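Please go over the structures that come below.
After this come two complexes, each holding chain A, first together with chain B and then together with chain C.
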Partner chain A sequence: MKIARLARLNLLLVILLIVVFILNLAGGVHWYAPSLLWQSQHTLAQQIMWSIRLPRALAAALVGALLALSGQLMQTLSKNPIADPSILGVNAGAMLALMLGSVAGITLSVINTIWLSIVGATLAFVVVLMLAMTRQGLDPLRFILGGTVFSGFVSCLAYAVSLLTNTTMQFRNLLVGGFSDTTFKQVIFLVVGLFVVTLMITFNRKSLTLMVFDDATARSLGARPGLTRAIGALVIVISAGCSVAVAGNIGFVGLGIPAIIHYLHPDSLERNILPNLLLGAVFMLLIDFVAKTLVAPTELPLAALSAICGGAFLLIVIAREGQVLTDE
Partner chain B sequence: MNAIVGQELTIGYGKKTIIQKQSLKIATGQITGLIGPNGSGKSMLLKALCGINPIISGSVLINEQQLATMPNKMRAKMIAYLAQTPIVPGDLTVLNLVKMGRYAFYHGLMNRDESGKAQVYQAMVAAKVDDLANRRIDSLSGGQRQRAFIAMTLVHNSPIIMLDEPTTYLDLTHQLGILNLLKELNLTQQKTVVLVLHDLNQAAQYCDQLLCIQDGRIIKTGTPKEVLTASLLAKTFQVTADITYHSARQYPQLQDYETLVQS
Partner chain C sequence: MSKRRIIGCLLGCGLLLLLLCVALLSLGEIRLGFGATLRSMFGRSTDQLTNLVIWDIRMPYLGAALITGSCLAVSGLILQILTGNPLVDSSILGVNAGASLGAVILIGLASRFKGLNIDQWLPLAALIGAVLSFIVVSAISRNGAKMKILLGGVALTALLNGIILMIELSLNKFDFDKILVWLSGSFWNTDRKFLLIYGVLTLMLLLVTVTVHSELATFVLGEPMAQSIGVNVKFMRYLLMSLAVALAAVAVSVGGAISIVGLMAPRIAKRLVGSQMRVLLPASCVIGCIIMVLATLVANNLFLPSVLPVGLVTGVITMPYFLYLLFKTN
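Right after this comes the complex of A and B.
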């Protein structure tokens, strides 16, 4: 019965994903029918569909999925439902690395942006983990507090670097988040990233699931918390790094999507991987659609939009959950 | 036969040693209680004996196999351990909690576990939580919660169970409920049980063997009658008491106890 419910949720999310994907393709400064993609006559509209809209929609879906996965892992590893790579400074670390790299003279080609932001995300995450480790393992409170402060600090540094070097326009996409110039090359990297991350999670799903316990309990069950934490951290920095390299620092998705999935279907990490990944993609496609169509031709800042929409939704969920609890 | 043999164990954190060169033997199929004042090293010894905390030097043999070189999953099949206050997400259901105890048995890429379902059910029945299967952990009472954790340790199907103060924070009824459950598992499934206890009367009543630890040293081992003597009570616990003996089973019970320390 429970399996059936999970399958229903996944099916619903796949249908939603197809719908919002088509919507995202169709919407923009002008509305185009997605069927243009396979029409024989070569028009400007067809070219726009192929070289701008399709990679953009694909990138949005992939980044949404990656961010949702990294958030889900972050929350499990830190035993804290409000952990997320953007709150804990991992995204900010990637962003700062990109800016510093560019200032230092590294050309921001697709491959360079990816490795720079993964390195930045890793360094930031290592610092936050070191702030939070105690003899008993990871202290959730220190993790979240240290991470938040560190995130603010690194974001400020990133803004300062961009202001001082007069590159705020160049880094606009990075700072406000968005998919406006996405290329197929970036999409390929995102596909590889998502593939690697999904494999890592799938192979380690049982031990990752045990990370909700304290280290002593997890170890007594036969798990190796240190190793599992390292694998989880690797997944987080790859996901966050790839996302930031393509779409900048987008908040909420990593925080809100796993929370919503957990609300809809409270279950272990391993069973919620797929719905979480799907809803992340759906949400990002939808938000990107709003960003480019709401006040077209102006494009709205995606990160802010994501935070507003998602934040409002999350508030409703929390408020409703509170209601449910008081009714009992 | 000894289920657990510790030889010259030195245990501590970092460079600080708490327990120095202590040796012990725990007999198979018995209930062994670790007693001693707070901070004496009981919990630390227990964690070292089940391989959760590393030891600095010395060796632990579990059923004549070296613990140090045992793979994690194999160790989990030999020894189940229940922490004093395990951290568990409140919205986990009892069924899912118990299922997670099967980790060591998953094998292959698909994480198959053929006998898992039956084992999970049996463990829940044995710990008397089968009727709570779909309840969330945070909706349980202290006693129910502890029995759910015991079900999780039973699902390892291990010959040895170690528990760190399993009766703490429970009212008397539930304390006795947990101890009776452990006694029952010891008698019906021949489990070797090792547990840390603070209540000396309960330790005397339920344990076959006691290990008394003070300042990181094992100062006395033996039956409750041998260990709980007036001199040990005075020396280790700074307590005087009238000791009476159970009429049939001869285990000691402390009456009218009084502290020797002026607070």
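Right after this comes the complex of A and C.
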């Protein structure tokens, strides 16, 4: 019964994903029929579809999935429903690393952006974890508040760096988020990233699922909490780093998506990974579609759109079940 | 706290502030001697260039720093006392972001409707935004725990900043300097008349605060105690809240959404001079000014010839302090 429901949810999400994907391909400054992709005449429209629209839609889907995944893992590992790579400063860390790297003279090729942002994400995550650790373990409230303020701090530094070096134009996409210049090369790296991350999770899915319990219980059930946490953290920084490298600092996807999935289908981490990935992709494609069509030809900043959705979502969570948070 | 220590601290802070003010006026791309600066300040200088640099270029920055510093600090002090939460100020609660959004909406409207005068309506727009966001945060965190208020403010700030970013980017695609004014703060208008109006507004609001400082002090003991002493708690609460929100709105109109200065200044003041309201109030005001003047000094001089938005500097100075406080409590 439970499996059937999950299968139904997954099927529904896959259909939704296909619909939004086609919508995202078709929409833009001009509307094109997605069938142009395989029609044989070589027109400008076809070129646009292949070299601009398709990589963009693919990247949006992949980034959405990666962000949702890292959010889900963060929430499980910190045992706290309000966690997300953007709230906790991981995204901002990746962003700052990219800027500093480019100021230091590293050419921002696709490979360089990916490793720079993963390094930045890791550093930021370590700092926030250190801030949030108490003698009794991880304090969820410190985690969120400290992370948010740390994120603000790092963003301030990032803005300062880009203003001082006159590179705000160059980093516009990074600062406000967006998929406007996505190339196929980036898509390939995202696919590789998602593949690696999925492998890591699949091999550790049992012990990751056990992380909802406290360490002693998890250990007695056969998990190794320290190792599992390290693997989880690695997955988080790789996912967040890859997304920032391609799409800039997009927040709150990792916060809202796992929560919605949990609401629709409250189940273990293991079973909810697939619907979570799918919904993340659906959401990102939809938001990107809104960003490029709502006031075309101007493109709305993606970070702002997702922050509005996420901020509103967070407010509702706090207003309704904030007491759960503070009791912990 | 002994009386001698309090007086010493107040004098020390005052002197430091004066020193920083003179430094701000004399340092920059054109360096002036302290003597020349002082002579020009008191109108004794005949050197055209010195007078021009000091009065027309640097004085507006000083004025803006003093206005925002004192407004934010006093607003933070009132909010900390009213909420009984030492980790609160107008920026944490999302009031600054609300005021910013008000200002940004006004600017957006003014670009559509040519007749709209931004300077005239700015304070009102900022005030409306500040009041609305304050109401939202209070509603969400009604009788909630202290941390819940903080979280509500953080969430609201994220939401409002998203809207601000969207409106600003649709107005001017690449002008990040302008966007930063409303996201992290910058002295965006150094017109002397503009600043004069806000200076007068600030003075009036501070004057009202001073007249009710003894009632404010009773709130430290909790509302039941305040009531039993004979304070009209309900009225006074509304008055103080409006004061705090109005002060924040003034600060945002002048300097954008500057963060956490209002949290930091009263805390430092409390450590230095204790919690007697008639010294705490001026002390926090002075320390707020010190922080802002110092930040302006750094922003204008550290990376010459480029000038940083002051909000980025205050962010870098104050956020580590907030983290330190957050992790020291509990």
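Just so it is clear, the second predicted complex is superposed on the first by the 304 of 328 C-alpha atoms of A that agree within 3 Å, B and C clash if a C-alpha of one lies under 4 Å from a C-alpha of the other, contacts with A are read in each partner's own complex, and residues count from 1 in each chain.
The rule we apply is simple: a residue touches a chain if its C-beta (ideal position, glycine included) is under 8 Å from a C-beta of that chain, and two chains touch if they have at least 3 such contacts.
Only a predicted model underlies this, so the values are computations on that prediction, with no experimental measurement involved.
Asker: On the A-aligned overlay, A:Lys79 touches which partner chain: chain B = first, chain C = second, or both, or neither?
Answerer: Once the two structures are laid over each other on A, A:Lys79 reaches chain B alone.
Asker: Kindly classify A:Leu11 by the partners it touches after superposition: chain B alone (first), chain C alone (second), both, or neither?
Answerer: In the superposed model, A:Leu11 contacts neither chain B nor chain C.
Asker: Under the stated touch criterion, name the partner, chain B or chain C, that contacts more residues in chain A.
Answerer: Of the two chains, more chain A residues are contacted by C.
Asker: Counting only touches as set out at the top, which of chain B and chain C does A:Ser268 meet: first, second, both, neither?
Answerer: A:Ser268 sits against chain B, while chain C stays out of touch.
Asker: In the superposed arrangement, which partner chain does A:Ser207 touch: chain B (first), chain C (second), both, or neither?
Answerer: In the superposed model, A:Ser207 contacts chain B only, not chain C.
Asker: May I ask you to decide whether A:Val126 touches chain B, chain C, both, or neither, giving the answer as first, second, both or neither?
Answerer: Neither partner.
Asker: So, A:Thr217: does it touch chain B (first), chain C (second), both, or neither?
Answerer: Touch partner of A:Thr217: chain B, not chain C.
Asker: Looking at A:Ile188 after the superposition, I want to know if it touches chain B, chain C, both of them or none. Which is it: first, second, both, neither?
Answerer: It touches nothing on chain B or chain C.
Asker: Can you pull the chain A residues that chain B and chain C both touch?
Answerer: The answer is that chain A has no such residue.
Asker: Where on chain B does chain A make contact in their complex?
Answerer: For this pair, the touching residues of chain B are 13, 47, 50-53, 72-77, 79-83, 86-89, 91-92, 96, 100-101, 103-104, 106, 109, 111, 153, 156.
Asker: Taking the complex as given, what residues does chain A use to touch chain C?
Answerer: 82, 131, 139, 141-142, 144-146, 148-150, 152-153, 156-157, 159-160, 162-164, 168-169, 172, 175-176, 251-252, 295, 298, 300-301, 303-308, 310-312, 314-315, 318-319, 322-323, 325-326
Asker: Can you list the chain A residues touching chain B in their complex?
Answerer: 79, 135, 203, 205-207, 209-210, 212-214, 216-217, 219-224, 266-268
Asker: Using the touch rule from the top, collect the residues of chain C that touch chain A in their complex.
Answerer: 136, 139-141, 144-145, 147-148, 150-152, 154-166, 169-170, 173-174, 176-177, 180, 184, 259, 303, 306, 308-309, 311-313, 315-316, 319-320, 322-323, 326-327, 330
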